[in-house]
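In what follows, structures are represented as structure tokens.
First subunit A sits with subunit B, and in the next complex the same chain sits with subunit C.
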Partner chain A sequence: MKLEWHRKLKELLDTAIYIKDIKGEDFLDISFLIKEISKVYEDFYQYDENFIEKFLMQVESRLKFIIEEGEKTLTPYEIVKIARHPQRFTLQDILENVYDSYMELGGEKELNIDPAIICAKAMIVRKVENDLYFHQVMVIGHEKGHGEEFRQGGSAKPWGNEKALRYMKMAETEGTPIHFFIFTPGAYPIEDYPGSAQQIARNLYYMSKLKVPTIAFISEGGSGGAEAIGLADIRLMAEKGYYSVISPEGAAAIEAKLKEGRPPRELVEKCAKALKLTAKDNLEFGTIDKIVPEPPLGARKKDYKFFKRLKLELIRATDEVILQTRSLKFLRKYVLSKQDTEDFKFFVNWNLDEDEIEILIENRYKKYKKMTQWAVCEPKNIFKTFFDFGHNLGLKFKNEIKYRVLKPGHRGFKKFLEELTTESSLLLKPVSDPVKTVYNIIVSKKIRPKLPTPILEEEISPYTSPLALEDKTVTCPEAEKYGCPDIWVPDLYGEFCGVCPNCGYHFPLEYKWYLNNIFDKNSVKIFNNDIASGNPLEFEGYAEKLKEARKRTGLKSALLSFEAKIGGISLVAVMLVGEFRQGTVGVAEGEKFIRAIELAKITRRPFLALVHTTGGIRIHEGTLGLVQMPRCTMAVRDYVDAGGLYIVIYDNNSYAGPVASFLGSAPYQFALKSTRLGFAGPRVIRETTGQDVPPDYHSAENALKRGHIQGIWDRRELRKKLFTALLTMGGKNLYYR
Partner chain B sequence: MKERILIANRGEIALRIMEACKDLGIEYVVVYTKEDQDSLHVKLAEKKYRISDYRDMNDLLAVADEVKCTAIHPGYGFLSENYRFARRVVKRERSLIFIGPSWEAIRDLGNKLFLKKLAKNLGIPVIPGTTEPIYNEIEAELKAEELYENLNSQGINNPSLLIKPVAGGGGMGIAEVKDLEELRPTFRKIRAYAKRLFGDEGIIIEAKIPLLQHVEVQILGSKHGEYVHFGTRNCTIQSLSKQKRIEIAPGFNYESKYTFNFKEVEQNIINYSLKLAKYLNYDNAGTWEWLITPEGKYYLMEVNTRIQVENEISAKISFVKNKQINLIKEQIRIAFGEKLGYSQKDIKFKGTSIELRLVAEDTKRGFHPLSGTITKFRWTPQSWLTVRTHVPQDKPYTIPTQFDPNLALAIICGNNFEEAKKKSLEFLNDVIIEGYTPKGEKLITNIEFLKEKINELYKFIET
Partner chain C sequence: MKIEYQNLNLILQKFKANPYKIYPVVTPHTGYIREFKIKEGDFVKGPFGKWLEKPGSPLFVLERERNQKIIRAKISGIVQKLRTELLNKFVEAEEIILEIKHPLSQEEIISEILLSALYIIKAPETARYILSPTIASKLEKEGLGKVKVKKGDEILIMAFMKRETPIYFSEEGNFVIYHLYFTPFQLIERDQPLIGFCQEENLPYLQKIIERIKEEWSNS
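Here is the complex of A and B:
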């Protein structure tokens, strides 16, 4: 008996410390209570039994009261603390308690390619009346390990994400559903072989057409790290979890424009509130589908009731995804929606056939396409909407007819004709050859083959950058290394294209330069320019900044989408403009990207993404911005699978989210010289890994060495190189093939 | 405002610009580098500034601003044909006069392909070949075949083709193709070379002219739309790296017989040169270089948008209203916006003039430039002889290694070709250049080479 009391006392002490950690030392005299409990705990055997029994009762009820009070006054930052607390349940606990048997794959504690990611083959049991049914699932998730050092707090390294991808593919071949568990503060921001951004992009690209049902459960969803295994058919979220584009501390550091040190606590709390990172907010925004309720102040290691509930929710979610693909589903869906005990009324087979897989992928695409569309700021007008719809439909119809019906027929006929003539010419050769020779002697002219390629006309409109109007000289930043002479500014921004003629250093240029100097004269037609960046989170102070950026640049969002021509080849292009909020991506940018790439898909044109500069996902739009990562990547996958040619060109600085998703997943990525490209900046790397990075860590040369990009181009040759790329890359589905 | 000219050059051209300025009563400033501090142009000038390099635009313009110059004379070489420099001089906030043609003209005429295209459009004959850069082999082969057939049909049997990088110059990276079978490997080789050296893979293919003479036309245009020419020069005798060694004016030997009507050819190339100059509103001194074949065919090769080294031989035989002309003076006058004050009718040509370039080089070993110290440099002054040199005669002079080892220009005048030739030989036998190389050996010059080659004047040479 005594032993049990002792254990119980220990538990109560842990709870009290937990409360203190979450709510702070001054919350309802919690510190005093802890002192009291620890005194009794340490000198346990000196107290008599009656006292202890009474003490336990007292403390228990007191703690219960405190917890209830604490729950009432829970702030977003406290929720962040709950999600990060070492006493919170981890994936290991879930594997133990939710699944009925499991086997960890590729890892045992430290003996693991990346201990922060756990993959396991698990069995989940469904009870239908007296029968037991076993479902196989693949479990992939982050492991925080109750504060174990080697787990890096659940920060997955690139090779950890690679491991996750490998087991996803495995599950795909086996046809077992995947359950993702997200417990990460963010990805481990290193560049390696591959780099963080690259691997996340690959994961997203693959997951967008994974042929099995996927369920994600988010407890701590930190930015790109969460997305790396977060693109799922249904996203569940723990009630006391957070899902955010950036940690509140990171947001505060950016808001306070800190280069060093920690941001002030008040600002961090303010940011946590402004980011709207709680489960309730995310459900409201539609970035998650369902909340899994938790006990007050969050579930911990031993909250068995919670695990039971989680199990139910997981099965239900998987059922729901499966039933969406079935033709006969009305009754079962209705019953499922009423389901709230562990006794299921029916069994759902989790295996899908070919047609169902197609529906599954289509559903997933639709779901992500619809996500955050409510937040798009666009002038609404019934006539315009109707017109656009009609126009789109017409365009689709026309192109379908043109490319799917007419062209293959035409092509087939041509091929047949060609073959026929070749065959017949071989047959007739003995007859026709002497005739030909005689003919050639008389006319003495050789038959020449036609030139295979159209020729790029060089001279295009002379556009002078406004930077070139000053009469002064600048010193090349690499002058010390290469001994470059000072450059006269009108030369530099004139025909040098902002490139030092001696060492090839690229100076930044304004975005208009690209619009005027890469594409054919007068061929740039900007569309969807009405879609504007808004302030869906009502982030304090952001509306003013947005207004200022709009006024300064005359743009409505950081992404320009336009149709243009290079050497007569028509293409659809988007450009992330650095002048507008550092080229960050939010709802408007994502939506414009998707519409542009869909237009390219319908009209079978190549798609070009020019990155003038991107600073990542716009933190002021919170998770609404973050889900643009999977959204846009899905559109990319859809476009590439349809036979499109997607080329990305990086210039200046390209970091974080976009690089880790819809840009980084492009089959052809090129960087201009002097580009910096990576996942996180040097400051974030130092804070998360404690290491300083060398100055050329993010250089284009190193990105090429790591295999992130396919080549480094010179800005002076950009037009020529792009033209060659359009001619040589891409499949036969492009309109000009 | 008082005009003041910055002389952005060295050697004999600097001296000649100084002389012209003095004659015109214009102030001038010279610049020099460390190696040139003993040079004559530095010694004779009152205002002088030391700079790091004659090619350093920043230094030159800083000096110009410091001394409040109003114009810059670039001379020849260095920045004289750099349109960026010309543009920068004109377009800066404190704008200066660039003594030379407009920067647009320098840019357009400096671009060989553009020139070729433009000339073709104006109906001016150019060397048969492509006018667009070629990037791939298939295209190259087709173009080469076409050209080959074209030349054959013109009666040229077994023509050779030249493969040149678009971006190159000065004879670098040119390869000859005698047989079309060699074309692809040669093309690949030159393309790789061009990529490495100039960063541009563009290649052009031209016909090779086996026998030729090099004749150029001296043009002068003003800002008021006046154009005159100062006859032709023959610069066929060159070093291996296509640097001229002996020049003679006029460009055709009036006493000898040609298989074609040389007077007509001369008139045609002058007319064509003027046509192009007028088309581009060319407003300074310039030289149109032509290739003449033994059959009497002529092709425009390139345009030099600057004063030439050999400008003085044209000046020596040209008389405006019976007064000898000075092209540098004319250049400066025109640049300041003055009218010519005479027309083509007033220009009369009389006599023959030869220029010999005395260079410290080993003509037997590939015209290898030499450096060293000159201890003795002497010649007998004559009424028919002008020697232009920056080498001081009163003390030893060390030849700087950074620049071409040009020592002196000797300009010899005669009433006719035979007389000028005789006098040239007399001068060459008379002149004494002594010195030693850094190794202590005797310094070699090209005097022997000049003696030998002077007999080849006005002859067609093989390339």
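Here is the complex of A and C:
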């Protein structure tokens, strides 16, 4: 009996310490209580049984009261602390308690390519009346550990995310559903091969068309690291979890414009509140689908009731995804929605056939496309909406006819004739030649005259950068290394396109330069310009900054989408403008990107993304900004799979979210010289890894070495290079399937 | 070759009397001097950081064609002979504006002394160098200051464009390897020192001097 009491006392002590960690030392005399408990705990065997029994009862009721009180006044920052606490349940606990049996794949504990990511094949049991059904699932998730150093707190390194991708592919071949568990403060921001940003982009790109049902459970969802395994059909979230675009500390450091050191605590708390990172807020925003309830002040290692509930929710969510693809589902879906116990009323087979997989992927695409659309600030005009809808429909119809019906017929017949002539030219020439001639006369010559090969002519609008109007010279920053002479400003920003003629250093230029110097004269037609960046979180002080940026640049968002021509080749392009809030991506930018790439898909034109500068996802839009990563990547995947040519060109600085998603997932990425691109800046790397990075860590040369980009271009030749790229990579028809 | 004791003592005395090296700062090109960012006697810092990525302290502003260029210190030390009369005056290129008195550290003095006291093999070409296998294994066993070499011994191998050329020791007398200036397979510029040898009989004397320097100069 005494032994059990001793154990119980230890548990109570742990609980008290946990409360102290979450609510602070002064909360309801918790420090005093801890002192009392530890005193009894230390001299446990000197007290008599009666005293201990009474003491236990007393402490238990006291703690219960404190927990209830604490729950009432829980602040967002305290929720963040709960999600990060070493006593919180981890993936290993879930594997032990939710799944019936499991086998860890790709390493265990320290002997692991990345101990922060666990992949396991597991069995989950469904009880239907008195029968047991076993479902096989792949479990992929972050492991924070209960304070072990080697887990890195759940920060997945690039190769850890690569491992996750490998097992996703495995699950896909086997047809088992995947359960993702997200317990990460963020990805480990290093650029070693394959590079944080690149790997996250690859994961997102692959996950967007994964042929198995995927469920994600978020406990601690920190920005890019969470997205790396977070694109799922249903996203569950723990009630005391947080899901955010950036850690509150990071947001505070940016808000306080800190270069070094830790931000003040009050500001961190304020940012935690402003970021709206709790489960309730996220459910309201539609970035998650369901909340898994937790006991007051969060579930811990031994909350078996919570695990039971989690198991129910996981099975239910997987059922829901599967049933959405089935034709006969109505009754079962209804029953499922009423389900609240672990005893299931029916069994759902978790294997999908080919038609169902197609519906699954379509559902996923629709779900992510719809996400955050409510937050798009667009002037409401029913007539215009109607007109746009009709216009799009017309375009779609026209191009479907043109490319789906007419072209394949031509191509098929032509190919057949080619085969015929080459295979048996000698024998059949007298037969095939007349047929070919007749076919050419009837069809080809009339409907489709041969297009002349496009030639790039120097037809750009005369444009002088306002930077070039100063009469002075500047020094190249690389002058000491290469001995560059001073450059006269009108030359530099005029003829030299902002490039040092000696060493090739690229000076930053304003975005208008690109619009006028890359594309043909008067060919740039900006569309969707009405969609404006808003302040959906009502972040304090952000509306003024937005207003200021709008006034200064005359733009409404950081992304410009336009149709343009290069050497007569028509294309759809977007441009992230650095002047507007450092080219950060929010709801408006994501929406514009998706609309532009869909237009490119409908009209079967190449798609170009020019990155003037991007600083990542806009933190002031919280998770609404963050989900633009999977949203846009999905649109990219859809476009590329349909046969589009997607080219990305980086200039100046490109960091974080966009590079780790819709830009980084492009098959063709090029950077101009002097570009810096990567996942996190030097300050963040120093703070997370404790190591300094060399000054050329993010340079384009290193990105090329790692295989992130396909080549480094010179700005002076950008127009020519793009033209060649479009011709060589797109082929004659620029739409190669 | 013998170390001239007198000479060495003289060098030591000179360092003691004046443990500084003077680095003049000259203008890189013509222009007007617009502003002095330092005063006489200020301490300036050279480039620092792990990769010397952080620039040195600003010294003065030189302006040509309305391009204000900040000239920075390339070495740490004390500013002296600052020509304040040049403010807003036109200066030619390569004109000395100030001097930086750089206090020599212990290692710098020792390396200066070693350069004058040792027999040094310099790199004949810009190439990669490795020690010959026999010398390398001996060095590993016995350490610096103990491996003896004779005339005609193969000391180094110069590896250049996949061709390997041996370098032989050409000096009469008993020498020991005292100091290595390179790491194997590192690209060495022409005429940079590779290995320093010391005559066996001079060895105790040299070691004594170095110990004395280590004692007398605080390691700052």
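Operating definition for what follows: the second predicted complex is superposed on the first by the 686 of 737 C-alpha atoms of A that agree within 3 Å, B and C clash if a C-alpha of one lies under 4 Å from a C-alpha of the other, contacts with A are read in each partner's own complex, and residues count from 1 in each chain.
Just so it is clear, a residue touches a chain if its C-beta (ideal position, glycine included) is under 8 Å from a C-beta of that chain, and two chains touch if they have at least 3 such contacts.
In this text the structure is predicted, and so the values were computed from the model without any measurement.
Contacts of A:W159 after superposition on the shared chain: neither subunit B nor subunit C is touched. Once the two complexes are overlaid on the shared chain, A:D471 sits against subunit B and subunit C alike.
When subunit A is checked against subunit B and against subunit C, the one touching more of its residues turns out to be B.
Look at A:Y133: by the touch rule set out above, it reaches neither subunit B nor subunit C. When the two complexes are overlaid on their common chain A, residue A:P694 makes contact with subunit C while staying clear of subunit B.
Shared-chain residue A:F527: touches no atom of subunit B or subunit C. When both complexes are overlaid on chain A, the residue A:D486 reaches subunit B and subunit C alike.
On subunit A, the patch touched by subunit B and the patch touched by subunit C overlap at residues 471, 473, 486, 488.
The part of subunit B that touches subunit A in the complex is made up of residues 56-58, 84, 87-88, 91-93, 132, 136, 138-139, 142, 145, 199. The touching residues of subunit C, when paired with subunit A in their complex, are 29, 49-51, 53, 64-67, 69. Subunit A makes touch with subunit C in their complex at residues 471-475, 486, 488, 692, 694-695. On the subunit A side of its complex with subunit B, the touching residues are 446, 448-449, 451-453, 455, 471, 473, 485-486, 488, 490-491, 714.
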